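A short write-up of the structure that comes next.
Chains: A, B, C and D, in written order; residue numbering restarts at 1 for each.
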């Protein structure tokens, strides 16, 4: 990544630079095969241990639309979606992620995906009938980072309910926005994602070049997925968008009314990274769901990469509100293609939580000052 | 106050009852004199130690309107106000509150105020020319609880800028909403305020009848002032209203942009008590300012009093987000009529912070459950 | 009313003055009896010709809460209300208003009401059991202006659903805000309402002193009722409040989704008068309902009265959007106490519509200019 | 375009289908050369006749950011932009559009643009130093439809002010969203734009296949430009985005406060087409500016094309509010590359205004009903 000296400090305190190839001491080799042309993150398949409880959470509380369901599975979509689903809840023995699924531009991109991952020696499986209902020909792989990735093009169209304001609720979710993955070695992961055709939009570094997290996109938003440094492979969260900020507040209000406010893990708040307004919830299995709105257009090839200092207390919450420890430490297991949980490898680089709070860490509001009011100290947590 | 057995539990988890006389073991005697007919909280006079810094905070950051100013004093009002000021910043040696000022219905109510407080043996001073610019005949007292209260009717009218949308900023403050006072003995204070003509709208109790805080009104909102249990007399906060919730979020966003996010002490969030959306800031002297919007109409004489269980984790934040310790413990000194700080008397009743967090306390999301996710535990703080 | 010369022109283009007694050439005599102490407008009883259609409109479209219903009647309330109802829909042969109902402070105020209206020679009827369910001892009168007014104190309390965010919809109505009455002689009506204890907050005049409309309040908002000049007595509209502006937009969006956009008569927009954000709908019988949010506090006795020039094109819509003719000309019949429609008397003073649009009228955006872009011309309508 | 019989009627009343080649009786030939790879609409160059008045409108009223300015030119950008400008105001003798400018993916795309338009026999001019400040190598053409189009890649980066909430105003414009062009023969124009690489997202047709307007995109929103049937070539409007709906309302409120409400031509409202919230303003020269927020993602290759019936009264305003005649008839001249106004050719196909309002037209709220309340009748206008 770009060296801090080659970045430009903005008037907002972070740095900008042009995207650069990522150096990794332990890179995934770059395949000869071209990557598939990925359009966007499309859906997540979540294994849940109590389908009724999960259905209640996603349908009755979060108001996602049920496209279809059977005894073991619920297929859900957001209000503006026209493909069959953005989230699959599947009953299973262990809470985990079965697939991070991306839509590709053409049917032929599936051949590209097979070639790309096969060359990397990954477990690659193709199912012409699709792995979930509503989806046609699909490729699933366990990628070099250990994550179960899916690619598909063919999909059943369903009605886009964008204009059905009679069905909107105060906290209506309108789009799937992004995934977030936990991985021990962020530069290695980001370099691999660049090979897969992703562009970096933002990251968090320290001034010695340790990378704590990075955000990457295909569609021109801040991300389709992000890599968060930590023990992995694990799934950090899946994020849905609302139209406006008050919609996110309405979800909080409703959780309070349902006496389920303990589903709120962090927020609501304004992110530094992405500039979006956010809320983090935990579903009945502990899977983390972000509600998100209003990041910015990133589609130009020279879109400035934003780099945040890990000690900047406004990087993850622009208002400086503390990140709860669970947000750093807890995440969901991911499955291999046989449905078994992937082993979790410990991060060896510095931990963002450790360097920012507690005895060995520090955070600042203003780069020139080292102290903050007690109520802002991360080490209260 | 009403016994828990005589209250009705609502579907939202709190209780309602009709207002009842407050029992105090150590009551302030009820005067024979009728109290003045108070219209509303009107302004606070704040002593600040660095007028330029305070002016920058209230004018450049919070965008209050300067009605008038001189070397030692700044007179500020909100966008919908038509009286001269809602806040006076006065340079002084010790950060403190010089007056909680209320407007009364008629000039004659000042005579009532003199009689009422004189009968109670209070220090009572009347200034026909007013204690601050723009205000005419005024009475200041040190009340039986130790607070500097002011009453006035005559006041200079200035232009109500409600329609001047060219002057609005994203976080525009439109009204002074209420004061909040810290006092050691809440029932004693509330009983006295009832004698002064205030009506109780909400309170926080435990099931043994300890009262931790109470909210009281003259105008038909949830409060013109509140009594918060703690070492006192001190000033907990002064609150201004915005039109909508996004205005409050805009203030947070602006503080982030100014790299002053450390002025945010608590929130934003939804209160349980009052149902309002809120944010707490600390000014350069540490005076606490609340930004507040959308409570409910309370003007009927039989308006139900809402009682919250002190262990209900949604009482102070409907979303269950933790209250930072400083919010419980820190407050501003108040002055006597000679300008000297009032001595602070320790609270001897149970502390809300102690009974809700830490080893001796507990809070619940659902009354029937005693555990909460770790990220919701108050004792993280 | 105050003469234009004695008013102060504000920087927003309208005038302010102190409330003055209204001169009427044909006044209703001022009774010796004191008026009842009115708290607020409390509910309207609407006669509807197709109860099922009306129920669908108010319950399924506007999401008012059903407190109780039977074959012929539906009792509805808003989300923050704690009394039994704010609106009664009653099946009947002719669409009309059976009662404009106000709550009074004490049971004894009913005796005052009886004395006050009896002295005026009005038809006065008292029903100790109430005229509608949930309401106790009540007085109904046909007032000197021909309107059916009701006064009550005793009322069944129901749960205030303010915290039940699980029940809120995007366009949730939270309070009954005001009534609006059509009457031929506005000064006569306003002078009578002053005798009844109402305070004037705003009006529309021309520079010859013709009064086209006036707004009056008991609770400290801009109005509990207004008098609109026109053929009367008729009911112009009943208004409910939302929390925020987006709630009103959501009602429009929902009407579009239901293919009922033709229920939208005027707006949404920002009023000049009251500074509130508004929308006017027509129910299945043509009764007009306003949705309204965010006017200002008017509770001080010297609250400045705002006077708008009838030719100011921003007086009724701050954005200068045209008022549709139906809004000026159409209104609901009102009933006498026997349930028969009151005869409608024609207005003889100038018509606001006539003086502002068409060949004999004019409107301006800037007082100094007489022309407006064609798309702003009222005479397009 | 797709025949109505091959479309699917949605539950919202419009139709969906897959994009099909457009038939034109008088097509622009498809060039052999590949079109340039266009990223997005990037800026418009507007000729204004009173630069000071225009600067006041765009800078003081609409709060666009001045990147740079000189005696004859002002370069403006939106809050989230990182390229030099989104709007150029240039003093000139005749109010007109000098360029609709698009950014392309690579410098080499300029060669493609030259080849593409040269093959079509267009006037093509390349300026390695750019036609406006801040922009490098650029190609300008008069396209086959008569519009001045520009393509560039090289551009000066400036600070993206997205996080500078201290600079935001209540109506802050955050992005350039789209252009809208008036052309006599919509199918001919759309077919040409498809050759240029645009994708159709929505259109308005009648059941005989007359196309009244079409929306087309490069970036995955509803449009980068639209073709509106009418006398042309002319510029219908340029559109900027806000974050939320209340930001658009704030612009209206501010215009009212400035006594410039006559700049509001149409709206605010909710579009049927695009589902966005909108407002149309007229600048001091009569150039039309739209303020726009919250359309939907269109980036999948099989994104359903939405077709609206021209008689659907909710197609242009989801709430059924009337479109003012000026919106249909007035538009800005466009210039050739020598700076002379292009001659305007009359539309010969049916006029949308004529077929929807007035004696020869009709509109419906519900397809099955032919009458609407008088206040909804377009022929009031």
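The rule is short, and it goes like this: contacts are C-beta pairs under 8 Å (C-beta built on N, C-alpha and C of every residue); 3 or more make two chains touch, one makes a residue touch a chain.
Keep in mind the model is a prediction, meaning the values are calculated, not measured.
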Longest centre-to-centre distance from chain D, chain (CA-based): B
Pair joined by more contacting C-beta pairs (B-C or A-C): B-C
Centre-of-Cα separation between chain D and chain C, whole angstrom: 41
Separation of mean Cα positions, chain C and chain B [Å, integer]: 34
Centre distance in Å when chain A and chain C are each reduced to the mean of their C-alpha atoms: 51
Contacts with 2+ other chains: residues of chain D: 12, 163-164, 244-246, 253, 256-257, 272, 318
Chain B contact footprint on chain C (complex, rising order): 10-12, 14, 16, 39-40, 80, 82-83, 103, 105-106, 157, 159-160, 162-164, 174-175, 219-220, 243-245, 272, 275, 294, 296-297, 299-304, 318
Residues on chain D engaged by chain B in the complex (per definition of touch): 163-170, 172, 244, 246, 250, 253-254, 256-258
Residues of chain A that touch chain B when the two form their complex: 12-13, 244-246, 249, 252-253, 255-257, 259-262, 264-266, 268, 270, 272, 277, 282, 313-314, 318-321, 324-327, 365-366, 372-376, 380-381
